[in-house]
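Before anything else, here is the set of structures, which you'll find just below.
Two complexes are shown next, each including chain A; its partner changes from chain B in the first to chain C in the second.
Up next is the complex of A and B:
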């Protein structure tokens, strides 16, 4: 990318943000909205500034991130393992496939009341929920990526003297890596959403709790500031996963 | 170094099999019939195919498109189980799974996209127990042979179709296989490079004298490389004719070449006499 296109991309992105902020400010002025309904962009910005220097805010961020990372890793690893087995063994796909298809459409959020019952407001409940959300994305993308690996590659593996297990891991799983990586990126976004949603409903700390507490005390600027933070963290996490995949799958 | 002739001469390698010339020790197809079964029905591709390739012999298979030439290779490699009949290598029925004698160049080269070109050529050698350094040296040697010296660090997606196919050939030859299967390996290589590769390939065959089953749709290539040409009929294919090729026949300017060309094309059912135009 040349410097010129890089600069124009930044300018265009800033323009988009500027339009949103202008519409936001315009609505407040035009309809004469109360601060409690919609605070001004400047107010939200200064609230965010206040959050950044508060210790409890960073504590909430860390709680949410920890829930996310644990759930993401557990659900991701399990999803790739089960997806690989399903992709490799059609007989097992016949058994597990329908169960997974059925559970897949019970969205993670539908499980929140149950996880609250089972795990209360503890860390475990959120980790389970994130793992659940991530697991299904990874199972489906892994199984599909493995099933669609070029069959010539399996034959090449056999020709080169590889045993079936080596072909499964060193050829199929490796060849499926780009598909699995795109699943991992989608799963990161979904997992992060699951964390926040779970915290809205039952948690003792985390960004979701911070926002619901602010909402109950009518601190609208904090609510909006928290939402902005969630968006930024989600975008960064998704970008990081995509970046790691690009570096690793650089061929 | 013995010249390649119709009757295979003993290998120069002292450890060569004692039973040279014995079809029991080569590759044989015995009354093979095969059909592909799909949701929309059965497609018979091979119908009672019987022929043998002697140890150290090069058999070129020609035939109409879709007549099951690649299926023959799949059977010899153990990728496909025949519906009926037996494929034998060295007298034993071919099993599925790895065969340490086997080297194969595929029509779609099937390179591992995550490996460099050098790693692609070397990986079979290390899988079969070669030391890393040896495998690497051998890979570079073979890459030079197919005209790809200096491309060792490239990734497959940086190569043209013809170059990728040459890597596939280098990968198969690097294994020094006793049974070499080639599925139209020069198909996507440009005409000049193909002539060079054919000559290199012939020279390499003289070194190790593998038993070769070579599928092609280029009759001149079959005459140039083959000791015998197996002409297949249209699907479901059987062996239409087996044409022996002598050294003299390979002289493109000689009468033998034209005769074998005409004979092969006739067996393929191709009308070639346009002299009455």
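Up next is the complex of A and C:
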């Protein structure tokens, strides 16, 4: 029975994909759409195949990934540190909490023009932007996870004669780890999108540049191919963060 | 019994967060001002950092001028996209959540589309719809749709078991069940999702306007950036933040009014 439901699930999922491809292809044939408006699925697939063997494509991927990883690590570490301090010390939370809340409403994308003015089209601008985006997600989730740690745990720590710093690191941070991990996953998705968006506005290389250039020269197959690549990388990055967290937390 | 000390304590605990918060804000502004003076002499990469006062003056100037027109243009894009995206997601979510077959066919497709943020769609939207209103509404609608649909599916699927049994006991017809049980549950979740989608929709407005700029706050942001006017760039950013904050506050109020049981810790 379970085998049958599993098989029917796969079949129905494939049916869904088939419907999408059929509608896509059907719209092209029925409306006689131009290739620059909507290329056929086969064309997109062959464009993707062409991208995989081109050197400039891999260069773009590496540029985007490097910007992302650097920004993610910097923003993530700073965010966890500041979030821990805020979560541990209510007085500090009251001082810098409102400032952080106010800045949170200026979404990272609004910073793009400013980072271009300050840092030009260099690597630094994107790293700063990604770090900014990741930082705020991590501060908020870390502070919240630490604030909601079961108070009994802190009391046990105190009873065992642990110093406040030891409690913060050995008890709170560990108890808050699952919350922080889910924040890290959300931050990875946001940071990756921030890289792509920043590359639309001002960059000399990267996947965002690749698809905006393709869009300007109406190479729609390359645009869609690039979108697929960006989506897959985003999903893989987010899965990797989730996997690393699971392994590290020993679930 | 003398309650004065307690009252004083209560007053202090009410005032303390405010005092510290104001101190933090003043400290941040002071830090910003000091940085502005320090970086003025050139040197570092950030060669142009205006003081908070300059940005404030620019904000006032902007508010006297085209701010309201830009804001109206951005809000229009946002609201149309947000409503279309939420309504579409509610309908699709109900269908996917209620019918196992439709869920099995289209659920995986929604899952595959979700990691591709609407921002990735910007270049394609430009090819399809040009730089006008339509392409931005499409992008915002897509962003909102991809967030809200998860909530809608969840709401349509998760009917409390006791209510379900009650419905069976009352001998409700499928249509009655749908109207009395499924729809309210799903719409509640849609409302929650619509609020979560508020910020991602607003962020999409920014990116869409930065790339496909004709009117709006994002178009202004790009225009002043191209004339290297850092103070005006920062003033526009403040406008984006303020608008997002106000919308969030308004919708919070609305949510409290529409779904009071979520906030009073009662059942459900």
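Here are some notes:
In the analysis below, the second predicted complex is superposed on the first by the 232 of 251 C-alpha atoms of A that agree within 3 Å, B and C clash if a C-alpha of one lies under 4 Å from a C-alpha of the other, contacts with A are read in each partner's own complex, and residues count from 1 in each chain.
The rule is simple: contacts are C-beta pairs under 8 Å (C-beta built on N, C-alpha and C of every residue); 3 or more make two chains touch, one makes a residue touch a chain.
Keep in mind the model is a prediction, meaning the values are calculated, not measured.
By the document's definition of touching, of the two partners only chain B reaches A:160; chain C does not. Of the two partner chains, neither chain B nor chain C is touched by A:82. In the superposition on chain A, contact of A:127 is made with neither chain B nor chain C.
In the superposition on chain A, A:113 contacts chain C only, with no contact to chain B. Touched residues of chain A were counted for both chain B and chain C, and C has more of them. Once chain A of one complex is fitted onto chain A of the other, the partner contacts of A:212 are limited to chain C, with no touch recorded for chain B.
Touch criterion met: A:200 reaches chain C, while chain B stays clear of it. After overlaying the two complexes on the shared chain, residue contacts for A:174 are found with chain B alone; chain C is out of touch. Residues common to the contacts of chain A with chain B and with chain C across the two structures: none.
Against chain A, the residues of chain C that register as touching in their complex are 16-17, 20-21, 23-25, 27-28, 45-46, 48, 101, 104-109, 112, 115-117, 119-124, 126-128, 199, 202-203, 206-207, 210-211, 221-222, 224-225, 228, 230, 233-234, 236-238, 240-242, 244-245, 248.
Chain B meets chain A in the complex at residues 77-79, 97-98, 100, 102-104, 106, 108, 110-114, 123-124, 127-128, 155-157, 171-172, 175. Against chain C, the residues of chain A that register as touching in their complex are 8-9, 12-13, 15-17, 19-20, 36-37, 91, 94-99, 102-103, 105-114, 116-119, 124, 189, 193, 196-197, 200-201, 211-212, 214-215, 218, 220, 223-224, 226-228, 230-231, 234-235, 238.
On the side of chain A, the complex with chain B involves touching residues 150, 152-153, 155-156, 158-164, 166, 171, 174-175, 177, 249, 251.
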